[in-house]
Amino acid sequence: MKSVGRIVPYLLSMLVKKPNTIMYPFVPAVVADDFRGALKFDKEKCIGCKICERVCPSDAIEIEKVADKQFKAIVLMDKCIFCGQCVDSCPKDALENTKNFELASLNRESMRVEI
Amino acid sequence: MEKETLVLNKLAGAFPCLEGAGVIPVERRIFLDVPSDIFMDVIKYACLELKFDHLCTITGLDAVDYFEFIYHISNSDGIVLNLKRRAPKENPVIDSVLPLYDGATFYELELEGILGAEVTGLPKDRQYPLPDSWPKGQYPLRKDWSPDSLQNNLQGEC
Amino acid sequence: MGKMVIPLGPQHPALEEPESFSLLLQGERVAAATVALGYNHRGMEKACESRTYIQNIYLLERICGICSHSHSTCYVQTVEMLAGLEIPKRALYLRALIGELERIHSHLLWLGVAGHEIGFMTLFMYAWKDREVVLDILEMLTGNRINYGMNTIGGVRRDITPDQAQDVLKCLDVLEERTAYYAKLVTEERTIVNRLSGVGILLKEDGLRFGATGPVLRAAGVAMDIRKDDPYGIYADLDFNVATDEHADVYGRAIVRVTELIESYKICRQVIKEMPDGPIVVKAPSKIPAGEAFSRYEAPRGEDIHYTRSNGTDKPDRVKVRAPTLANLAAITHMIEGGYLADVPIIIAAIDPCFSCTDRMIKVIDSSSGRENIFDWAGLRKYSMEWYSKQGIDFKNMNAFRKED
Amino acid sequence: MALTLFYILIFPGFLFLSVISLVFELIDRRLYARLQNRVGPPWFQPLADFIKLLSKESIVPKEADSRIFRIIPVFALAATATAFMYIPMWGLKSLYPFSGDLIVVLYFLTIPTLTFFLAGWFSSSLYAELGAIRVMTQFFAYEVPLYMSILGPALLAGTWSISGVTNYYHMHPLIALVNIPGLVVALFATQGKLERVPFDIPDAETEIVGGTFTEYSGRFLALFRMAIDFELVVMSALIAAVFFPVFIPSNPILGFLVFLVKLLIVVFLLTLMRTALARLRIDQMINFCWKVLAPFSLLQILIDLIVRGVIKA
């Protein structure tokens, strides 16, 4: 049965339903628990093997030696594609993905994070 | 593997020089090196007689000493016949398969555009996939090409 | 009224991605059409040659946001073939699950876009609302909404827990009900049927002749589906039907896609039910033995093809990608010509084009279209700075201003 | 004199019309969003859009006829604002009623359509010219059904003044029921006039980008958008006056509230229509207008003539 305006009853039923969208910046968006967001680095665990540097598809991570057996990670957030390969490849679990995804910035320098 | 062997046998029957040239690495995949002089006859035979009438794509690659072109054609049994032909780097001229496969235009234009092959019988009215303003003689898929050579080439023009 | 040539693209509201069509119009009718490809070339095939096999997975996954799992699976299959790896069953089941969820998300997206092209924004809003449900599942299972990063050489990276499987089944029930509603809406709402029927006809013979694939070909009555014809992964063990239709027009393509959605729900349920226990990944060597492999995958848009040649190092010698849209584009001018201008957007949308899949070439350097010069990134930046400073806007000052904030 | 100026510029004239059209644009957009299960824009969005457009750079294309390009939006605005003065708002009478004002209002309402055509044509751009041609093609399709459907009730009332029509049906409210086919035709034709889905063919963005308004930007576009908002209110008010001339209390304030409620009903129906339908192709649109709407509006006139004869007898 073809006719015009088949969707009208459904549309009207929407008037009494709660909207499906949210006013985003004012209402926080929820992401899944295992979300691959910004990287977290645990300098206690790092042994400086630099596997993460080698596997990174976009050269977004650098490990620098600061003192004997002391390392820091420099993450270039603008290059990072959040694939999580470094997290998978790290033999000591020193890297971790967090749920933080709100990383936009007007300033490119702020995308270079040292942890 | 019976169907695959049958295809190879039929090809060898029609073209005796192909005897023993085919490889079947896994199910439904046949790789076959074809000499350039009989290539068009082989692909025509495969397309019309053996009903390999779907052209998946054409891969062009720079094998350092020569160019290699692989025509991936398939039939309704899901068998993919990979016919390979070679062309010398100095004079990479191949024939168009447009008379057999109407959908080959973009694949062949790609060979011309990024590998610098010359496909005879292909309309030369457009360039794909590089922009029209791309400098002549720059073929990015060749192993000896690097973005620097493009940079140097452009300096005179800019 | 005389003839006029109008450009459709590279920037046009009907196109989600830049690509240039030019149409010769006679009144409202399209007398001739040409398509110029290449606006999205990013040099992926060349870039693959300078990256390791593992890095290439993430690069090739980004060929296209919507069929990212298709491209990465297809590529990984070739590498696994070359390395001679035996993939654990559970990993194959998980790949199939993500692949089908991706198909669901892609087809729902298409339904929305089709609504947008024919000016039916409500369909767009509802279809995308339901697509959100799939995206949430995918985010839960893989950690991201589109570039899932699920595949690795030798298996998959994340396992699924029984709780998650239950969540997926629950969402599938919701989606199945919604899809049944859309199937009813698309076939019963007269304004939709009028806009889709008899538009962009591609008959069986022409489809085969141009080498069209996927729903475009299936809508013409050819039951071509790589999952059946050339089964990969676990598809040989699954029970599903290939959706076909005889309309051979945009309406047929819509029906094929909606039917495929329903088949995909069926496949997802089977996969979850029959998923065996066991490891999800085997160790893969970093150096792949020399050889060549060719793999086909039924992406939501059709036949996706990857060819990889290895040379014994940890980097491939050549990776060739043929996305489904390129195959379907060969037939697009045939479909557009003779129709109305108003139908051009929906005809283009009906092949579900993915131009970023189609174009892949040049690395780092891009041309600024319409200009004679070719800039590299730094040059382009410099040029834009100069252009804006001529207009009285100085970005250097703006940066200084930002720092003061 | 001062009072007349007040009427024309403040209430119920230009300023009031501006405010109420922004309010109705908001209602339209909010309702559209809610029907699609979205939150929709915040309350200040139409005003914010208007101010933003005013503050943007206004570009006049080199090829365009600069003078006409700039002046056309003002014509559209003025014509719709003038038409509004002849529609009764709080009682049975409009401000300056005269016999034949119905025809005059309808003619004032054709001016915006003509300005859209001229705007597109004098933009001298491909998409704008295509849009202009589509405006005219569509105009010839919906205009006749629209006029006939509105003239039907007037024929029955035996007057060519809107106030007269309102007055007549106010006296005989039940007779207004025979005009329902005309109402349906008028609602569809109004969508065509306002260029909204299913008849947004002249500015179908997925086909011809912005259609007639492709080249418009900044304050000229702001004025055009304002004119379209005005048109929405004026058309809705006209439909309300001709087809719903019932429950008009003598208290002006109450009467005004009733007027707003009627406007709401008409805008709701128009919004529902644009939510529930897909855009038609131009050939389908013309077919629909001539093969469905025109016969129905003729039927409406026939019904009205018969009813008139019965009542006279």
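In order of appearance the chains are A, B, C and D, and numbering begins at 1 in each one.
In this text, a contact is a pair of C-beta atoms (placed from the backbone, for glycine too) under 8 Å apart; a residue touches a chain by one contact, two chains touch by 3 or more.
Note that the structure is predicted; figures quoted are calculated from it, not measured.
Each of B-C and C-D has its own count of C-beta contacts, and the greater count is at B-C. The chain occupying the central position, as judged from C-alpha centroids, is C.
Of all chains, the one whose CA centroid is most distant from that of subunit C is D. Centres computed as Cα averages put subunit B at a distance of 25 Å from subunit C. Chain centres here are Cα means. That of subunit A falls 41 Å from that of subunit B.
Subunit B and subunit D have CA centres that are 62 Å apart.
Averaging Cα coordinates per chain places subunit C and subunit D 43 Å apart.
Counting partner chains per residue, subunit D has residues 35-38, 275-277 touching two or more of them. Among the residues of subunit B, none is in touch with two or more other chains. Across the assembly, subunit C contributes 122, 129, 189, 191 as residues in contact with two or more other chains.
Chains touching one another, given as pairs, are A-C, A-D, B-C, C-D. Touching subunit C in their complex are the following residues of subunit A: 1-7, 10-11, 20, 31-36, 55-58, 81-85, 88, 97, 106-107. Taken in their complex, subunit B has these residues touching subunit C: 25-26, 28-29, 31, 53-57, 59, 61-62, 70, 72, 74, 76-80, 82, 101-107, 113-114, 126-131, 133-135, 140-141, 147, 150-151, 154, 157-158.
Residue ranges of subunit D in contact with subunit C, taken from their complex: 35-38, 126-127, 130, 133, 197-198, 200-201, 204-209, 275-284.
Contacts from subunit A toward subunit D in the complex involve residues 4-5, 7-8, 11-12, 14-15, 17, 19-23. Across the interface of their complex, subunit A is touched by residues 51-52, 54-56, 58-59, 61-62, 122, 129, 132, 136, 139-140, 143-144, 147, 149, 152, 157-158, 181, 184-185, 187-191, 193, 399, 402-403 of subunit C.
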